[in-house]
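You will see two complexes here that share chain A, one where it goes with chain B and one where it goes with chain C.
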Partner chain A sequence: MRVELGEVVFGRDGFCLRGSGTFGEGVHLVSGPVGSGKSTLALLLAGLLTPDRGTVRRQDVKSVLLLLQFPEHQVTAPTVAREAASWGLAPDEVLALAELEERADDDPFHLSRGELKRLTLACAFIKCPDLLLLDEPFSSLDCETKRWVCGMIEERGSGTTIIFSHEQSVLPRVDTIWEMEDGALIGRGSVPGAISSWRHAPAYLTYALERGAQPENIRLSDAREALCRIRD
Partner chain B sequence: MQDPRLRFLSIAVLSLASFLSVWGALGALVWLVVARRRTDAMLQPRVLLPLFAMVGLTALVSAWGGGNGLSYFIRMSVILLLAAWAYAATAEGEALAVAVWAFGNRAGFDIGLIAEMGLAGLGIIREEIEQVGLAMRLKGIRPGLRSIVPLALNLVITEIRRADEVARLLTVRGYTAGGVVCPRFQTSLNEILASISAFLLGLLPALLLRDVFILV
Partner chain C sequence: MIRINDLRHRGLEIPELTLDARHIAVIGPNGSGKTRLLEVCSGIEEPGTGTIRILGRSPSSLRVGWVGEFPDRTLLFSRVYDEVASTPRFRHQPCPETERMVMAAARMVGIGDLLERRVASLSGGEKVLVALAAACAGEPEVLVLDEADSHLDAVTAKRLRQVVQESPAAHVLWCTQSMDTAAMADCVIFMEGGRVRYSGTPEEVFEILKETCYYPAIWRLRS
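What follows is the complex of A and B.
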């Protein structure tokens, strides 16, 4: 199972995205500053945009799911329970995972953005598609919920998960790091080797690297452990 | 057309002419082709085509019921084109400027503000329809009567909420009634000539109607 970008070029409103690479099974992190083209890349990978040049090929991918950055853009039903059902899922299971059982009959737009984000994330994790594209999954969430999201991503046993995020504090364990720079997709490679060349790395990783530590992954706990190892 | 006063006046006269007769509609269409600059904005075909389809359907029903469906289709299609041009060519603040110029800083400002909010709302609705379409594709929901009706209701409720939020925001900012705007307009000779020709075209169906009334 993999997704291949073959010399893709996509332009719109003066912005140009270009990139090549293969997203295999595992967890991929595409990082980069706001406006660098992460969401556009997510739409291209989901097949919702067509590149001007190049190809997006999916091999052995039977189901694709993209979670948009703004969860309210994904709402199509008048109540929270019916919104869960609109994903083709049993509402009870979704609401239990999102801890929104009490809000089943509420209007989805009456939820806070964080609650709505939790709802859409719960739907995505329960659906468990082959290719899961998460556009800024940590935005609007508190630290506790961010850690819950990380746990759910890490628990996905199979398939390809691609996270598009500029998150700098709470991150999951990932297999590959990519970066968007001025619309260009740059593959940094597999973790842990890729960490040293990651330009938009969180401050805690940069701190650990500067002190000669070699974190095994990109989580705060990985940086801590690496620092502890060199102190020992 | 740079001067929104002349643009709005021309569109109002031509829309009336189109509504009154097929000849008026054809005249308005010719005017639109000649007077509209190539650089003027226009709505995209994917936005216009569903509207034309709706007019066409109504015309078919009218023709099936013994009415003059073809006349209805021609007149309404031209009005639709005029409205599309007016909407696409109107820049932010122009409706407010024209209303203040016409009715002053109190009533004119309020009318202009409502018009501006309405125009901005149309743009937002268009974006939301696109977003809903995207959400449906992501969820694998097929467009149909069962899905369209609740989605349309959602859109209406969202717009009512947005209007309520804007009203609250205006109140918080101290708005009660009226305001101060000093509108400035740029008018060229070509635009004046185009407006006069629109006015003359507008008289055409009125003259034809008078002939009809004399005959009767």
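What follows is the complex of A and C.
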């Protein structure tokens, strides 16, 4: 199972995205500044945009799901339970995972921003598609919920998960790091080797690297562990 | 100075709170009442019971600049220039004054190159910067940011912090999920279940939260 970008070029409103690369099974993190093209890349990989040139090929991918950055854009039903059902899922299971059992009959837009995000994330994780694209899954969430999301991502046993994020404090264990810079997709490679060349690494990783530590992955706990080993 | 007394409003319960600081970070779990507090402090909502005085006045009499987390819900105009100009225009400022305020705000936020762009063509983060410029164009006495940094990368978030720091606003109320950002405030208040659980300097409040994920990541590594 993989998604291949072959010399893709996509332009809109003076912005141009370019990139090549293969997203295989595992967890990929695509980071980059605001406006660098992360969301556009997510739409291209999901097949919701067509490149001007080049190809996006999905091989052995039977199901694709893109979770949008702003969860309100994903809402289609008037109640929380019916929103879960609109994903083709059993509302009880979704509401239990999202810890929203008490809000079943509420308007989704009456949920707090974090609750609405939790609802759409729970739907996505239960759907468990082959290709799961998460556009800024951590924004709007408190740190406890970010940890929950990390756990759900790490528990996905198979498939390809691509996270588009500039989260700087709570991140999951990932396999591969990519960056978007001025519309260009740059593959930094596999973790941990990719960490040292990751330009948009969180401050805690940069701090650890500057002290000679070599974290095995990108989580705060990995940075702490690596620093601890140096002290020993 | 911000003084809150006997406040009860839609799940908020704050018997007494006095904040004598310019930059106040509001932190806490989702659904703890942070946004509700910002809404009553900015005059968007009138409290059910109790009083709020900011700079000795009621919030609705102040010039307040509000930057929300979901700019798509608050941006009104299709061109960036018109969005930033909306604040002085709604106050019936003459055209030359409006132009001056728009250019000053755009320069301050660093979005001069976006002014002729269509709002719909901007990224989520760029929309937050446009909303910030529109807030600053009103020369606010109180600048309120409701998780406005949720969708910003580190570089843009740094720019946001600089703008907030340089803003002439007498008070900045900034609700954030970035504890590293909250640690830079003069005062931090931690909310839970509609109540202010802790308030004080960043050092005081984060010392209490040291065993939780609310402790700033970079402080965790240094400790």
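In the analysis below, the second predicted complex is superposed on the first by the 232 of 232 C-alpha atoms of A that agree within 3 Å, B and C clash if a C-alpha of one lies under 4 Å from a C-alpha of the other, contacts with A are read in each partner's own complex, and residues count from 1 in each chain.
Keep in mind that, in the parts below, contacts are C-beta pairs under 8 Å (C-beta built on N, C-alpha and C of every residue); 3 or more make two chains touch, one makes a residue touch a chain.
Since this is a predicted model, take the numbers as computed values, not measurements.
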Room on chain A for both chain B and chain C (clash or fit): fit
Contacts of A:212 with chain B and chain C, given as first, second, both or neither: neither
First, second, both or neither for A:157, with chain B first and chain C second: neither
Greater chain A contact set [chain C / chain B]: C
First, second, both or neither for A:113, with chain B first and chain C second: second
Touched partner set for A:223, first chain B, second chain C, both or neither: second
First (chain B), second (chain C), both or neither touched by A:204: second
Chain B versus chain C as contact partner of A:78, first or second or both or neither: first
Which of chain B and chain C A:48 touches, first, second, both or neither: first
Overlay on shared chain A, then closest C-alpha pair between chain B and chain C (Å): 5
Doubly contacted chain A residues - partners chain C and chain B: none
Chain A partner contacts - residues on chain B that touch it in the complex: 131-132, 134-141, 147, 150-151, 153-154, 157-158, 161
Chain C - residues contacting chain A, complex: 28-31, 35, 69-70, 72-73, 117-118, 121-126, 129, 147, 150-157, 177-180, 212-214, 217-218, 220-222
Touching residues on chain A, where the partner in the complex is chain B: 46, 48, 65-66, 68, 73-78, 86-88, 107, 109
In the complex, chain A residues that touch chain C: 12-13, 31-36, 39, 69-70, 72, 112-115, 118, 136, 139-147, 166, 168-170, 200, 202-204, 207-208, 220, 223-224, 227
